[in-house]
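Order of writing sets the chain letters: A, B, C and D. Residues in each chain are counted from 1.
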Amino acid sequence: MVLNNNRISDLKISYIGGGSKEWAWKLMSDLALEIQLSGTVTLYDIDKEAAIENATVGAMHSNHPDSKSGWKYQVANTLEQTLTGADFVIISILPGTFQEMRSDVHAPEKYGIYQSVGDTVGPGGIIRALRTIPLYVDFALNIKKYCPDAWVLNYTNPMAVCTRTLFEVFPQIKAFGCCHEVFHTQSLLALMVKEVLGVEDVTRSDIKTNILGINHFTWINSAFYKNIDLFPLYRDFSEKYYYCGYADDPFETWLSSPFHSAARVRFDLFKRYGLIAAAGDRHLVEFLPPWYLRGPELAKEWKFSLTTVDFRIAQMKDRLNKRKRILTGEEHLKLAPSGEEGIKQIKALLGLDELITNVNIPNAGQLKGIPKGAVVETNAHLSGMGIKPVIAGYLPNEIQNIVIRHVLNQEMVVKAGIEKNKELAYRAFVNDPLVNINLEDSRKLFDEMLRNTREYLQGWEI
Amino acid sequence: MVLNNNRISDLKISYIGGGSKEWAWKLMSDLALEIQLSGTVTLYDIDKEAAIENATVGAMHSNHPDSKSGWKYQVANTLEQTLTGADFVIISILPGTFQEMRSDVHAPEKYGIYQSVGDTVGPGGIIRALRTIPLYVDFALNIKKYCPDAWVLNYTNPMAVCTRTLFEVFPQIKAFGCCHEVFHTQSLLALMVKEVLGVEDVTRSDIKTNILGINHFTWINSAFYKNIDLFPLYRDFSEKYYYCGYADDPFETWLSSPFHSAARVRFDLFKRYGLIAAAGDRHLVEFLPPWYLRGPELAKEWKFSLTTVDFRIAQMKDRLNKRKRILTGEEHLKLAPSGEEGIKQIKALLGLDELITNVNIPNAGQLKGIPKGAVVETNAHLSGMGIKPVIAGYLPNEIQNIVIRHVLNQEMVVKAGIEKNKELAYRAFVNDPLVNINLEDSRKLFDEMLRNTREYLQGWEI
Amino acid sequence: MVLNNNRISDLKISYIGGGSKEWAWKLMSDLALEIQLSGTVTLYDIDKEAAIENATVGAMHSNHPDSKSGWKYQVANTLEQTLTGADFVIISILPGTFQEMRSDVHAPEKYGIYQSVGDTVGPGGIIRALRTIPLYVDFALNIKKYCPDAWVLNYTNPMAVCTRTLFEVFPQIKAFGCCHEVFHTQSLLALMVKEVLGVEDVTRSDIKTNILGINHFTWINSAFYKNIDLFPLYRDFSEKYYYCGYADDPFETWLSSPFHSAARVRFDLFKRYGLIAAAGDRHLVEFLPPWYLRGPELAKEWKFSLTTVDFRIAQMKDRLNKRKRILTGEEHLKLAPSGEEGIKQIKALLGLDELITNVNIPNAGQLKGIPKGAVVETNAHLSGMGIKPVIAGYLPNEIQNIVIRHVLNQEMVVKAGIEKNKELAYRAFVNDPLVNINLEDSRKLFDEMLRNTREYLQGWEI
Amino acid sequence: MVLNNNRISDLKISYIGGGSKEWAWKLMSDLALEIQLSGTVTLYDIDKEAAIENATVGAMHSNHPDSKSGWKYQVANTLEQTLTGADFVIISILPGTFQEMRSDVHAPEKYGIYQSVGDTVGPGGIIRALRTIPLYVDFALNIKKYCPDAWVLNYTNPMAVCTRTLFEVFPQIKAFGCCHEVFHTQSLLALMVKEVLGVEDVTRSDIKTNILGINHFTWINSAFYKNIDLFPLYRDFSEKYYYCGYADDPFETWLSSPFHSAARVRFDLFKRYGLIAAAGDRHLVEFLPPWYLRGPELAKEWKFSLTTVDFRIAQMKDRLNKRKRILTGEEHLKLAPSGEEGIKQIKALLGLDELITNVNIPNAGQLKGIPKGAVVETNAHLSGMGIKPVIAGYLPNEIQNIVIRHVLNQEMVVKAGIEKNKELAYRAFVNDPLVNINLEDSRKLFDEMLRNTREYLQGWEI
């Protein structure tokens, strides 16, 4: 890459999962709108056709009249091809197919275990993790071989397990995990400031928050808009909307979209613990005992959705159709900022800016009371010097107790996945708060779910 | 006290709960049989009559023909009286009456929550803790005032919470908690050595074990008889008795005595985790999710008893009758070693001996991964220099995850008890693995149980 | 204070040492130039005349045609007056008079011990610390009483000891220490970038550095200008100027100004340790064994000055004359940015901005291998949420060894100062690397220096 | 090995440095007097003749009429031979010859640096360490290969560096370092008890001490004889003998034997720091700045000797003569307990006993404030389970400061030795408190001393 006149050209970005219909498109759009960067994106996907189509879409972004920079898109046949020479590696994959996902999310239902997402913790999250770890072992080994100095941004879930695996296999890797759940919480606080204080033009970047926890179960113990402490405001705000729920967008409520919620769980957790939970309700409930997750009825009461795999299949069909329409010119491509921070983070790491934001990296003391090395989510300082975690502090014991339970479980899952250790994996599984059934049933469910994903578990004795 | 010719005379022991019909009698017997010590025991009890009767029983011990030492027994009217000038303080009390205990143990049953003991963790253990803490705050303040240099031996449950409270209120206190559960496990291992290796005359003191955990949920990760590793032996042994269970004494099986078990849970835990659980099954099951505790039927399958309060009332009647018969001369007093280590520990702390044994003290690094200050149970070195913990190491994550859950819960309970903070107490309560019910029910149960013990919760808003 | 339209008015700043002829003037100038802030500065000084004159000077700043904000200046008679209601407290005092300073700096010379500054470590720094601690105990107690929520900025040396004392006495204090030595190093690196890379308009804020150490003995282990690693450049740069020395300003060389140096020591330390020392040579040499400090001759070789007290007296005379000329209108007051960061820091803490900069605060894990609580200097994130340290990492053992020596010495000095413990103070004194003399002499010197400052050591047995 | 009837036969001991004229003889004698152990000792030495002669001497011990056990002695030609099948490995070697030792001890004298032993720290200790490390790397690799489960007892100096190297190369090694300096201190305290309290038959095993520090610079912060605190006694005792010095044996005073001292330094250190230094004066002084070590005159004042290499050569001659006389029957072999603890330690590790004693092992938290992994000396529990360190606590900052300085230096020396890194070695060298000279001289001295031992520094660039 070449630094010139405060711009960097000839940057090389490798995209693993480059056939992605969501994250890859967001990146293309953000890259096209970024004047300070240019270079080449090399797409790699086990679905090569998807990567090829995305390369065309990428070129359409580059050639778009609103585009401010010229990016080239090409397709790689192998990990070696995509990684060699890369300055940045982006990983955003779907581990397995909808078939395995169906087992993750729905197989436990016959034992009364419901999941709203099923990709992070809970029985589904753990099985998904076991399926994903071998892929990440492979990524780590190839990055070590072909681009050991590249920065690696992970977007795949389960976030903590994926990122942890990269560091376990290649401890010197310069990797971190990115997730927008905290951003959405900051946006919620910005809307609150607008509503309560009558300030216009507040955006999430005006809200300063101290982040503690693990991905999808992060907490805020300090939040400020300029010199205004937002906790007293949030207390009133959460009581006001405690029963009815809060919708930031009247057209995209939890009823119309299975990715939205009414923040009722979040408000209830504030009542219980006095801290602001910084993830969507659908994620939060999966980390807890089945307090809010005992089936669709209770979910409805708390005004969040259980995202089904059927819905995801339908959504994928929509996206594929959209891509087709774009490629055929039937629909016009629009460039718009995605709201994600990937490009900002890349610019900060290139020294074009600096940034305080929340990232997922191994604990080096930023989160007290959590074992060193486990992947946690807190603020960090990103600059040309790299990533330096900001000390977040210690969670109150009542939340710490839930967080560390998942942290230790994730440590076990990573170990089990790398060692192909079925018994250890089961010990993590049976320790998950949602696996709230008797021992025999938990064993049966585990065996069934593992069998359902056995294609991805080469070398395991199943 | 006076050291002379390897004996110490004029020792002053204060006994809080001196009307005790069990621990106090064991002590009297052990003291009478100990040639190197003599002095005065000052009994204090809120049931003063019981203390007076015990003083008489104490004198009978002293005057017994088999007695090797002359101990005086007297009764104190106040804490000040019993503590002033004390070299050692023994605390062994029953917090509350059988009425409160009935609520602890049985009130949760209507929600399907069963407890085998109900005095350590679980809903019963937590409520009992809240009731006990104010008493221990008082003990700590009085010890600070009247005998700050005395050694304090705690025998009351919940052990960790009681000991933690003493240190929280008076950080310089020289206190530790003593429990015989680990001893029983060592005895079991000694019996195993006898059975498997054919060695005669093996006693628990020949078995060396490394202890890790918290009271009533301790684990052994290394066990030796001389240079023989006992883990391979235990593997076979636990399989041999896995289904039928093991009875050390054919006349005191789990069926005949509600304090015995057949070690089936212990053997099952070995299968699961590869470590030896070092407490009786009745205690172990209460720390876990309701894997073994879903009611009397399941308990029967696993061959342990749910000790009812009715049984305890009957047992107390027997003890009172026995005391009466002893006092009237109807029954003859016999001196016999209790098997407890209290006197050995006292002698070690007086420098007459030295001892490696398991004690409950604040964590100073002996148990890795557990917060400093929380009370843990590991080996320690007792000598004239005092108590120095031996580094025990780190539990495997799957057990660590259960241990730390209770440790953090106990930290919360101690804080709640001292601050009279009902909400914090509930947060601990609802986080207990046995409180495996929905949020509304957990709140109702908590409120009910707290009300049932409100007489001991002065200053609380209930 | 009042937030309105992105400005804060009615801010209350308390200035202890408000008669200062240097730091106070810098502040007045920076405040006058800052459009987003306005309010009142209350000057307090034991030399009340000086404070009164400064209030007049302050008003001149406010009324200056270039001033962008209206600040009021008033004089307080007592600490209570200045502190009550304060939002920010600035402490910048001279502990003792030139008479005590003369003893600090020059008394050791008769034993062959030379000091270039004598205000941080070394015999002079330690004695100065002992004299300063009682004053800081008093400040802390008054802040606790009159403005416990105020932010406290310390500028007084010895920085670490002063800041540590504030936290020791009032652990909840929101204090930090500010120093410009690191800024000067960043400016040096900016000049290097200009010279080597030919980039124009580089300023120190374009240079990102990771800071590790203690005040006046800080180190940089990572330095970037955008994506350019500055270490290879610095290697060449330091060799180029190794013998001749480097002067950033041809008119203010080490020869003309006793506050300047030619960076030769800094370059030599880079050769030895491979890290960039981030303080002026005059400070650095005092932390080391007398490698560079064996008298004026050796100092001349290394091209730095031993700042004499006579020089400081002359400098003070100049400053007083200047103030007189300003007050009489003989000289015209000019407003210019001081280059200090105080106002930026205040704005960040008020949430008007955010800032990553180096501060002196108690170690909460940001500097590995250093005891928690000791005051260290590393980067931190300043925002409306307050100060959150950034994890700096671990120094290489060879530097760590020198740093921790002073850290532990400073811990001893603070303890000795608070407890008025002469023997403990001597143990720190004799352990200083510059006190490189035999035991008898070190005792004599210590006694003499302590006597020379005894007026400030009330309650000590000297 | 075979356990039978509380005895262990067929034990295999490997002795590296088996030609030793001192430690090997002590071991032979202790083995012959130990009834519970028997087996084979395999001697290995680069001076094979010496090993062969010692095998004969060993047989003479075995066949001695007072011998209680039958040990076989044989000679190995290679490390592989001696290590294969070993249950225990003893390492006690002289690294280099008297020629290198002469450089270690005397080369620094031309710069005014005197050393009383020169084998642990100081310029001599560091150079000796660099020479020894390659040998220990080799030992560790061979132990890993041929007897990974054997217990390894190290007696060679520099103790900490040797033991640290073993663990650095083979982290799973079961090694520890043994030294008698603490035992001598306990003997001194026993003599004090006898003298002051008039108790007869007190031996060092009656004295309980808490040990903190590093080999040859260990400290006692708690010492008890039964329940009697020895600190007040030691205060008086050390004052009584402060000027005249104390001699435990009127026939072996510091004047007659260069290994004895009059404990004056130890008494002076007690005055300064309030703790009991637990090593001989000759060792202690080398860890400190040259307070007591400025040449023979000052040493004489403090009543300890500077042990010259000429003396050691003479002593070796005596020992060789003695061996000759023994082998020829001219002198009669006597069996007597050596006073060392090696056999006791071996028995404890075999589970025949248990033992609390001081050992040198990597820090796992037993010594607070010292990096994990560095080799420290504290009490530990030895039993069939192995070695478990007892938590010793934290040294007062004034002593901690000296200890950590050497700990970090030793870490650097080990790293430098393994990496053959001359510059890093010099950074440690110049940081030693005795290397109290200017930079140029320190460089010259280092280069000279390194050259003098270059035969043992294969692969170094010297």
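Everything below uses one rule, namely that a contact is a pair of C-beta atoms (placed from the backbone, for glycine too) under 8 Å apart; a residue touches a chain by one contact, two chains touch by 3 or more.
Quick caveat: nothing in here was measured; it's all calculated off a predicted structure.
Peer 1: Which chains lie in contact with each of chain A and chain B?
Peer 2: Where chain A and chain B might share a partner, there is none at all.
Peer 1: Based on CA centres, what chain would you say lies at the far end from chain C?
Peer 2: B
Peer 1: Which integer distance in Å separates the CA centroid of chain A from that of chain C?
Peer 2: 44
Peer 1: Can you give the whole-Å distance between the Cα centres of chain C and chain D?
Peer 2: It comes to 47 Å between the two C-alpha centres.
Peer 1: Taking the mean of the C-alpha atoms as each chain's centre, how many Å separate chain A from chain D?
Peer 2: Going by mean C-alpha positions, chain A sits 56 Å from chain D.
Peer 1: Would you pick out the residues of chain C that each touch at least 2 other chains?
Peer 2: If we look for residues of chain C contacting two or more partner chains, we find none.
Peer 1: Linking chains that touch, what shape results: line, ring, star, complete or other?
Peer 2: Chain contacts: single closed ring, each chain with exactly two partners.
Peer 1: Over in the complex, which chain A residues touch chain B? Could you list them?
Peer 2: Checking each residue of chain A against chain B gives 272-273, 289-291, 294, 369, 371, 397-398, 400-402, 404-405, 408-409, 411-412, 415, 424, 427-428, 431, 436, 438-439.
Peer 1: Give the list of chain D residues in touch with chain B in this complex.
Peer 2: 1, 3, 6, 8, 208-210, 222-228, 350-352, 354, 356, 364-366, 368, 379, 381, 383-386, 388-392
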